[in-house]
Every structure is written in C-alpha cells, then in structure tokens.
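What follows are several structures.
Across the two complexes that follow, chain A remains constant while its partner is chain B and subsequently chain C.
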Partner chain A sequence: MIAIGFEGSANKLGIGIIEHSTETGVVNILANIRHTHVTPPGTGFLPRDTAVHHREHIIPVVKEALKTSNVQIKDIDVICYTKGPGMGAPLVSVAIVARTLALLWNKPIVGVNHCIGHIEMGREITGADNPVVLYVSGGNTQVIAYSEHRYRIFGETLDIAVGNCLDRFARILNLSNDPSPGYNIEQHAKKGKKFIELPYTVKGMDVSFSGILSNIETIKNEQSCSPEDLCFSLQETVFAMLVEITERAMAHIGSKEVLIVGGVGCNLRLQEMMAQMVEQRDGKVFATDERFCIDNGIMIAHAGLLAYRTGFITPLERSTCTQRFRTDEVYVAWRDAN
Partner chain B sequence: MTSLGHSLVLTIPFPSSRLANIAERTLNVDKELKSDQVKRIITTDDDKLVVTFDCASVKLLRVSVNSLLDMIIMITKTMDAFDGME
Partner chain C sequence: MIENATLIKQGAEARIHTAPFLTRTAIVKERFSKAYRHPILDKKLTARRVNQEARCLFKCRKSGVDAPALYFVDTEDSTIYMEFVRGTIVKDLLVTNSEYIQNKGKQDELAKKIGIALAKVHEIDIIHGDLTTSNLMLRESNQSLVVIDFGLSYISSLPEDKAVDLYVLERAFLSTHPNSEEMFTEILDNYQKTYNASQWVLSKLAEDYGDEREVWNVQCGTQGKVIHRASMFKLNEEVTLASTIMSSSRSYNTKVFYGPPKCEPERSEEIIEKGCDMEYWSDPVGVKKIER
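Up next, the complex of A and B:
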C-alpha cells in the first residue's frame, strides 16, 4: 500500500511518499521532500508569511516527490495530511491542496496528529519497540509513554516549548536561522567554555523554559559572558531538565528504552546527555537524524497509512484542521494494548 | 434572513461542473471563525462557483473575501498541475 503525506504545521513544508508491504509489513520510503521558510536573523516566522511560503512552494514540492518516488497516481491508496496541532493558516493552506487532490484523484483522505507522526516515524526508523518518548520541537515538549491504545503524556512544558526557547534565544543573539536556529546554537555551544548558571525549573514531571529567556535578556550584555558561553550554558541547562523528567518517566513505567523525536531531537548534545543517563540504567537511546527528526511529510504518510490499514478514514467534509490537538486524543488502533 | 449590512457575491467560472464541484466541496470544509459576524455560503451553478458573503463590517468582508480568494487560487493551481494525471 502506498500513501502520500502532506505536512505544513510550522515553517517546514514537507511531502513524503511511503510504501508498506501488506504481507511483510516492511516499510519503504519512496520520497521525502522538504522546503523550509527561513527568516532573516533576529526574526521568527509568522503564520501569514509561512502560509504564503507553503502556497508558493507546494506544487513544485509535490511534483518533485511524485517524480522521485516514480509512483503512478493510480498506485496511491490514501492521501494523508496534518490535521494539527500547529499554526492555523499554514495547516489550512496545505490541507486545501490535500483535499483537492483527494477529490481530483478520487482517493480517501486521512487526517493525522502531527505528534503521532513523529512518534511512529521514530519507532519505525530506530526499531524501538515500546520506548519512553521525549518529543521536543519548536512547538511541543512532552514526555510520552504508550498504554492501552493511547500515547499518554507523563510530563510536558508548562509554558513555551524547548525549541521555542532555543529559537527565541537565537533571535536575542542575532544568530542565523539557516538551516535552523537550533543547529547554529549547537555549533556555537561547542566553543563555549564557561558555564553560566541559568534558572533550572522542573516541577514534578513538568518543565518550564520562559524564565530562562528573561534571565538571558538581562545578562547578555555583561562582558563576562560570550555568546558561545551562553549557547553552551543554555543547552546544558535545558537538556539536563529534559533528561531529568525522562529518567523519572522511565522509572515510573519500568522501561529501558528512550526514543527522542522532534526537531530538537537531532541535537547531538541532547542525544549524548540522554545516553549517559540511560547507560546508567542499562538501557538504550534511540534517535534519528534531521531527515526524520525535523518535520517532514513521510511521517504523516506513515502514521496515516498505519491508521488507514486499520480501516480509519476521515470523511472529506470533516477533513478540517485544528491548532490544538493533544497527543492522547488519538486512539491508537494499530498497536496491541500494552 | 436579515442582512448584516455588507454583502458581496462572487461568481467564478471553472472549466467544468466537475471542477467547480470539487472547489465547492474543498472550500466548504472550513467554517468561518466568526460565524455570527460573517455569513458565507458556497454553492455551484453548473460550471460556476458562487460565493455569497454577508458581513457585519467592510473590514470583515474584505478579510473574508481575500482569504477565500487565496484558497481558490491554491485550488485552481492544484487542478492545473494535477488533474488528469495517472
């Protein structure tokens, strides 16, 4: 079976085409094309401009995905799109194209929860069976574990997402957004030497990042801290917070596996710190590279096809988008209860 | 139905009634967010897409019409590029 996935919940526009073998269950990635809306240093991406970007680039990106995959339209079984969570205008712009194609080509359509897309893609690529999932991106920060057909949220951010904290920090320091602010922070951090203490806020299973930003605003002009030192200290502080709540979730459910997904998940320092903790617990860390960590269409196609194979279809008149769509709202029919 | 005071009717021709119908179904999925201040009715008349707006202010009318036109442009571009592909 073949699915095409449409993703555009934030500044990445992604189209992916995936094939699941119905006999063996083997997954084959046929195309994974992405185009990113990169804004000048010191600025972030706004919903309106991001929607315009997606509308400008979606047709060539779909064409390229079809060409790369070499599939015929008649071989596509289902069209999958991101239903939410994400920015409203970009989501709708992409969903409009998915709907039009579903009607033009006479295919069923499946609305996919973006977070579920990340989790299922991470599990598929790494082979992690039943891990504690740390989902860290520009819009989401959650510690998740699976039970009884749902991905349950054990802990999450109380204010802004960790990736949002990194993005806004990069704006304060005027770092480049190309290829991504987080990547540039990671490179600067490698040259940092001095650790500057920043607010460390873990409340039970939850974390908070907004205090760090206001703290950095006040200390950035002090001569004693270079941008490199700030990048280094920021990474060490926020990642330690994430490792702490992940470790607690592992202890709660007795799991020895950790899967890191979401855009911040391709940060090697986060992967390294997580590995140090997990080694002490005799476990294993699973992570993917930027092709699958950062938002992409293939994960939407993959999660949508998993649902479609259990008989799930979104009726066209209900193929809406929603800015708020929690991970635990989705009934996971394609996994066993435990 | 009593008018909200500011209305506009758009009639947009499509190459066929099939394509006009696809545009109508695609657009009708998303509801207007301020449904008490913006009434929007999307229908077809053979190969024409007919959209009636009735809004509480000129500003709302402009915003609503502009945003719908953006979506219609996206739909027609998609039809141009991918209709009839096999």
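Up next, the complex of A and C:
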C-alpha cells in the first residue's frame, strides 16, 4: 500500500511517499521532499507569509516527490494530510491541495494529527517498542506514554514550547534562521564556556519556558556575556528541565526506553544529556536525525496509512483543519491496548 | 559520607538510608547529583530542593502536624537526617490488612485522621505535591497519622494548589484502592470540618477538575495525567448513566465503573470539529481575501 503525505503545519512544507508491505509490514520510504520558509535574522515566520510560501512551492514539491519515488498516480492508495495542530493559514493552504488531489485522482483522504505523525515515525525509524516519548518542537513540548489506545500526555509546557523559546531567543540575538534557529544556537553553544544562571521552572511533570526569555532580554545588555555563553547556558538549562520531566515519567510508569521526536529532538546536546540520564537508569535512548525529526511529509503519510489500514477514512466534507488537536484525542486503533 | 548507613530505597532523585544519628536511628535522605546537568545548575537545584524540603518538614512539626522530626540538614552533602517513624504505610494497610479491608468503621476512622491531617497541612499553606497513600503512615506507638516525603512540597496559599493536592490524592486512592470512594468522601468531610478556608479549595476542586474527575472515575486504572473532556469518549450506556449521576449530584457515593470506556474512533472526529474555537475550511475565496 502506498500513501502520499502532505505536511505544512508550520514553516516546513513537506511531501512524502511511503509504502507499507501488506504481507510483511515492512516500511519503505519512497520520497521525502521538504521546502522550508526561511525568514531573515531577527524575524520569525508569520502565518500569512508562510501560507504564501506553501502555496507557491507545493506543486513543484509534489511533482518532485512523485518523480523521486517513481510512483504512478494510480498506485497511490490514500492521500494523507496534517489536520492539526499548527498555524491555521499554512494548514489550510496544504489541506486544500490534498483535498483537490483526492478529488482529482479519486483517492480516499485521511486527516492526521501532527504529533501522532512524529511519534509513529520515530517508532518506525528507531524500532523503539513502547517508549516514553519526549516530543519537543517549535509548537509542542510534551512527555507522552502509550496506554489503552491513546498516547497520554504526562507532562507538558505550561506556556510556550521549547522550540518557540529557542527561536525567539535566536531572534533576540539576531542569529540566522538558516537552516533553523535551533541549529545555529547549537553551533554557538559549542563555543560557550561560562554558565549563566537562568530561571529553571519544573512543576511536577510540567515545565515553563517564558520566564527564560524575559530574563535573557534583561541580561543580554547588562552583563558581559557573549552570545556563545548565552546559547550554552540556555541549552543546558532548558534541556535539563526536559530530561528531568522525562525521567519522572519513566520512573512513574517504570519504562526503560525514551524516544525523542520533534524538531528540537535533532539537537545532539539534548540527545547526549538524555543518554546520560538513561544510562543511570540502565535504559536506552532512541532519536532520529533531521530527515525525520524535523517536520516532514513522510511521517504524515506513515501515520495516515497506519490509520487507513485499520479502516479509517476522513469523509471529504470533514477534511478540515484545526489549530488545536491534542495528542490524546486520537484513538490509536493500530496498536495493542498495552 | 554517611556512616553505617543501610540503603533502603533508591528513587529518581534521592537515596533513602537508615543510619544511626546520635543515640537514635534516623532516616537519611540523600539527593544525588545528575550527570546530565551542568555542575553549577545541579548544585544550585539540589541545594534549593533540600532547603525547601527541610523547611516544609520543620514548618509541619512546628504547627503540630505529625511529620518526621527534622534532626539535621547537611547542605554540603545534600542530605537530610530525619526521624525514623515506626509504623505502617497506609497503602499497605488498605491492601493487605484484612481489618481495614472489611471493617468500615476502621476505614472511616483512618479517613478521619487523613482528612484532619491534610487540613492541618493546608492550613499552614504547605502543598505536599505528591499525596499518595504511600506517603501516609500510621505511627505504631499512638496510631497517629504521619505525613511523609515532602520532596515535592512547597509553600503556597492559593486554593488552586491545594485543590491539586486533593485531586492527586483522589486519583491515587481510586487507582490503587478499588471501592474507596466512600473513604475519600469521608476524608473530604473531615477536611472540610477541620479547615476553615476549605470551601475555596473544595469549590476549586469541583470547578476545575469536575470534568476530569468524572472521566478519571470512569476509567481509573489508567495511570497518569488525563486531560480528556468527558465528551471525548463515546461511553457505553451504563457508564454514561454513571457519569450523569456523578455530574448532577457531585456525590462520591455513586457507583463507579472500572476499566476503560468503550471508545470509538469516529467520535473523536466529531469532537475535534465541535470542540475547537476555530475551524478552517479549505475555502479558496476566503484564503485569497487575506492576501495583501
């Protein structure tokens, strides 16, 4: 079975084509094309401009994906698109293409929860069986564990997402957004040495990041701290918070596996800190690289196809988008109860 | 290092030992450093948490709440020496002691003690942070209820924080001790009688967690944070009835069904559509309008 996935919930436009063997269940990635809307340093991406970007590039990207995969349109079984969560305007611009193609090619359509896409792709690539999932990106920060056909949220951010914190921090320091603000922070942090104290807010299994931003705004001019030191301290602080809540979730449910997904998940320092924590607990860390961590069409195709194989189809009149779509709202029919 | 210590438990953040302290046996709680954390951050966090725990323990004792007596705080080694309480953990009482399992009078007596103890803790603005039946004990010598493990405690006068404390305890009760709703009602009753400002806390509990609690009651047995709206599940008739009764009377005595409700995938579709404040239809005309 072959599925094509459309992702455009934020500034990444991704189209992926995936094949699931119906007999063996082996997953084959046929195409994974991405085009990112990069804004000048000091600015972020706005919903309207991002939607314009997606509209401009989606047709060439779809064509490229079809060409790379060598798949004929008639071989595609299902069209999957991101239903939410994400920014409204970009979501719509991509969903309308998915819907139009569904009508044009006469294919069924499946709306996919973006977070579930990340989790399922991470599980598939790493082979992690039943891990505690740390989902960290520009829009989401959640610690998730699976139980009874749902991905349940154990802890999450109380205000902004960790990726949002990093992005806005990069904006304060005027770092480049190419290829991503997080990547540039990571490179700067490698040169940082001095640890500057920043607010550390863990409440039970939840975290909060907004205080860090306001704190940095006040200290960046006052003290003689270089951007490198600030990047270093920021990473050390926010990642320690994330590792701490992940550890609590692991202790709570008695799991030994951790899977890191989402755009921030490709940060090597986060992966390293997580590995140090897990080592103390005799566990294992699973993480993926930028191809699958950062938003992509493949994960939407994969999660959509998993649902489609259980008989799930989104009726055309319900193929809408929504900005709010929690991870635990999705009924996970394709996994066993525990 | 701690002399003549015997390790009794290792948690995610601390090791618990027993060790002689002067002439007595003490519980020694040692917070250890985390390899993944930057040393400066690690030191500061650990010191802050040791302080906070010691402060809460001390405040409890000073105000007449039965908690382990604080003997000594070693900030350099991040250890707290406290009284070794001889007694039984409430969880064990309710799981293994037949007297408590069968005798309602015994249960009520215990519930009364718990309610009063919690009222006292909240009266002095201490939020325990991890109220479970594993963190409550009955002292062997005088059968007094001891609140233990203040590792996640902090000081706050907000009714919200206190309500969260009660909510956590309710969840712990219902998920580990089946048929304990009556006991929890008794706890809340005594809490209300003892704590003057309890109305604010209890109304918060009903208002903020009303929905979640119904779902929780219906599907308890599942661990963790459940942020479902009751409507998210297509419940089978019995369960729907039970939750209707629960929501209308706000009574804890109604029958509670265990096990997960029957969920059907297409239902979540509907909720997504109804439950969101913003809905985007792929309307090409509408999208064009917002272009510059």
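Odds and ends about this structure:
The rule is simple: the second predicted complex is superposed on the first by the 337 of 338 C-alpha atoms of A that agree within 3 Å, B and C clash if a C-alpha of one lies under 4 Å from a C-alpha of the other, contacts with A are read in each partner's own complex, and residues count from 1 in each chain.
Everything below uses one rule, namely that contacts are C-beta pairs under 8 Å (C-beta built on N, C-alpha and C of every residue); 3 or more make two chains touch, one makes a residue touch a chain.
The structure displayed is predicted, hence computed values, not measured ones.
After overlaying the two complexes on the shared chain, residue contacts for A:Ile59 are found with chain B alone; chain C is out of touch. Taking chain A as the reference, the larger set of touched residues comes from C, when chain B and chain C are compared.
Applying the stated contact rule after C-alpha superposition, one finds that A:Ile96 touches each of chain B and chain C. Of the two partner chains, chain B is the only one touched by A:Leu104; chain C is not. In the superposition on chain A, A:Ser210 contacts neither chain B nor chain C. When both complexes are overlaid on chain A, the residue A:Thr237 reaches chain C alone and has no touch with chain B. Contacts of A:Thr68 after superposition: neither chain B nor chain C is touched. By the document's definition of touching, of the two partners only chain B reaches A:Leu316; chain C does not. Counting contacts as defined above, chain A residues 92-93, 95-96, 99, 318-321 meet chain B in one complex and chain C in the other. Note for the complex: chain A touches chain B at residues 55, 58-59, 62-63, 72-74, 92-93, 95-97, 99-101, 103-105, 316-321. The touching residues of chain C, counted against chain A in their complex, run 11-12, 34-38, 40-41, 44-45, 129, 152, 219, 222-228, 232, 260, 263-265, 267-269, 271-273, 275-284, 287, 290-292. Residue ranges of chain B in contact with chain A, taken from their complex: 22-23, 25-31, 70-71, 73-75, 77-79, 81-83, 85-86.
Chain A makes touch with chain C in their complex at residues 48, 51-52, 83-84, 88-89, 91-93, 95-96, 99, 145, 147-150, 152-155, 195, 197, 200, 204-205, 236-237, 239-240, 243-244, 247-248, 250-253, 272-274, 276-277, 279-280, 312, 314, 318-326, 328-331, 333.
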